[in-house]
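Take a look at these structures.
Shared chain: chain A. Partners: chain B in the first complex, chain C in the second.
So, the complex of A and B:
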């Protein structure tokens, strides 16, 4: 018998770090889209910054050491106009820290 | 470089025909579609140069940047405890580093995530020596190349279906380099067009009929 949808949703939400990981992946995908020149969308630094701020809004990022710090560094890198690969690398560091800590 | 032409009713048949002639496996070749109609597909299949220099060997055409990147990635992998060989892919533009070895699945990661991270790190490390817009591509066991081939074939199949039915097709969510490969594969097709919809990481390519320009 399958579990009700609401229960599944609740379970998904309580997995530590999952929501944060999803949002970080989204931010990484945006940055990679710029770096890989997907050529199908004009992505602005503002959009990337917004995606990173979305990550920072989650309480999950405080549950694991360094995740908030890496995300903050990524946000600084975007506002400083650093190359997309640098931003991506910092976001990967946040994702890695989240994986190791959760 | 060895190559052969293949004809078939479908893309797969055409590629298989050329592979039989070349006596090669699909993994070692590059496929270029020369023409495609509803009845027949004609492809040119080229064997990928497998004679790339092994670790420590001098590259055929010395390239300072490529060699530096190779050494850096080699060192990085060593620190990670990964036993692998790094070589510079000959004739590739942009500079492409091939990592090969045993059990490198972990280096590719989920949907190529770890590989993509490794590429980001590599570009950051080598970045100051590269010209603006110049990038290093990192591939593990030709995963990226195989994915590009696969998505190109998917694109061609979708294009053929769109031409037959006239209906647009939405493909699965793909990574940026895969979407780019699809756009490039279809850009020369006068009958179909490709665009992307949705938000990352669920962004998808839509292949649809190209509308004639309004007069």
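So, the complex of A and C:
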């Protein structure tokens, strides 16, 4: 017997990791626009750091091993003035860890 | 001596395979086996120039070449069958009668130094060298077969002569011949040519590498467009009965376009352009490694994805259909390798020299077929519980994210 259709639908609750993934993607987009020198507005390291801190505020990032640590590495990289590509790489690692752990 | 008559073939291949390669060299002599291999093609008393050596074989449409490995050095020729004796004559000539002219030594030194530098400009290859340095730190197995710029610059003609005299002796030699040939007359021709010294000059030293106690990452910063990554762990030797399970594990993981790494990391996730796995086996050690060629931004993500694939192989048995496919792949590749006389002669000589016995193709296929899914998951668990090692070449100024990925 198949499950009732209603049981298969998303009930509106949060899928673990989805919110964190969305915020990490936003941070990556910000960093990539710096790396690619795209966009008219100049994006400052402070804005990138804020985007990463937004990710760290979510409890989702603790649900999967290493996600918080990669985000911490990314934040350190911004503070240390590392190239945008390197920050992007660390954020992609966080996103990937979320994918592998979800 | 190993001989295989393949009467339906048009060619014959002959090989002189010597026990001893870069593994037997100490730091002072690093690269000497490879240096000798180059010098043996520079001229003999009978054929005084490299052109005359090449002409002798190419004049009948044949091929002649040599290769130096970590535990052996091989000189080979493939010729139309009726010229097999010529092939043997040229090979024995370069082994026993090379001039090793001082001017040739100096010229060849420059060539090898260029070869070493060229290799460093090929990150896809160089990253594997760095990986082997991590897998066998401080051991000759972890060193480039061609040596180092320092050792090659320093090697003198006397060092070369002394090493060649010590190692190019009959007890270290396996002669192989395969193709359209007569076994008795081949043996007679080889016997007529044998002029190497019959005594041993001490046993070949094979100091085992020390165990690895922790995972390590080596990042070499280069402004490359792609990141080049090798990661893996120590695995079994070519004498270990689990070598067949290791080979199947490698096939499932990363050999070919139906492997897990290719399908999941390249095709499904689209992270890496090139991802595959490989093994290397020696007398008392070996490794299973994964190569990743990837956009630098996705480098750590790709490492994490590979680590997830490795974990999966330690946690779940490979499905019956996947294992059956891996077995067919392995057996098929072996059969294809044995299509040519060259493939057969190398296969036989390797076995005789390294294993001391010769399995038939049917023996090998039976050993592959005997591997179970439980064997594969057991070997995966053993290999991937050992400290992971990772080398990276790319535009990276720190290694912390890479260390995090492999728990270093």
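As a convention for this text, the second predicted complex is superposed on the first by the 88 of 102 C-alpha atoms of A that agree within 3 Å, B and C clash if a C-alpha of one lies under 4 Å from a C-alpha of the other, contacts with A are read in each partner's own complex, and residues count from 1 in each chain.
We take it that a residue touches a chain if its C-beta (ideal position, glycine included) is under 8 Å from a C-beta of that chain, and two chains touch if they have at least 3 such contacts.
Computed from a predicted structure; not experimentally measured.
Participant: Just checking: does A:88 make contact with chain B only, chain C only, both, or neither of them? Give me first, second, both or neither.
Facilitator: Touch partners of A:88: chain B and chain C.
Participant: Check the residue A:78 against both partner chains and state whether it touches chain B (first), chain C (second), both, or neither.
Facilitator: Neither partner.
Participant: Please indicate which partner A:48 is in contact with in the superposed arrangement: first for chain B, second for chain C, both, or neither.
Facilitator: neither
Participant: Pick one for A:97: touches chain B only (first), chain C only (second), both, or neither.
Facilitator: second
Participant: In the overlaid three-chain picture, which partner chain does A:64 touch, first (chain B) or second (chain C), both, or neither?
Facilitator: Neither: A:64 stays clear of chain B and chain C.
Participant: Thinking of the overlay built on chain A, is A:20 touched by chain B (first), by chain C (second), by both, or by neither?
Facilitator: neither
Participant: Per the contact definition in the header, classify A:30: touching chain B only (first), chain C only (second), both, or neither.
Facilitator: After superposition on chain A, A:30 lies in contact with chain B alone.
Participant: Between chain B and chain C, which residues of chain A are contacted by each of them?
Facilitator: Comparing the two interfaces on chain A, one with chain B and one with chain C, the shared residues are 32, 35, 83, 85-86, 88-89, 92, 96.
Participant: Of all residues in chain C, which touch chain A in the complex?
Facilitator: So the residues of chain C in touch with chain A come to 271, 296-305, 308, 395-398, 400-401, 404-405.
Participant: Considering the complex alone, what residue numbers of chain A touch chain C?
Facilitator: Residues 32, 35, 66, 69-70, 73, 76-77, 82-83, 85-86, 88-90, 92-93, 95-97, 100.
Participant: Considering only the defined contacts, which chain B positions touch chain A in the complex?
Facilitator: Residues in contact with chain A: 113, 116-117, 119-121, 123-124, 127, 135, 175-177, 179-180, 183, 194-196, 199-201, 203, 205.
Participant: Within the complex, which stretch of chain A touches chain B?
Facilitator: 25-26, 28-30, 32-33, 35-41, 83, 85-86, 88-89, 92, 96
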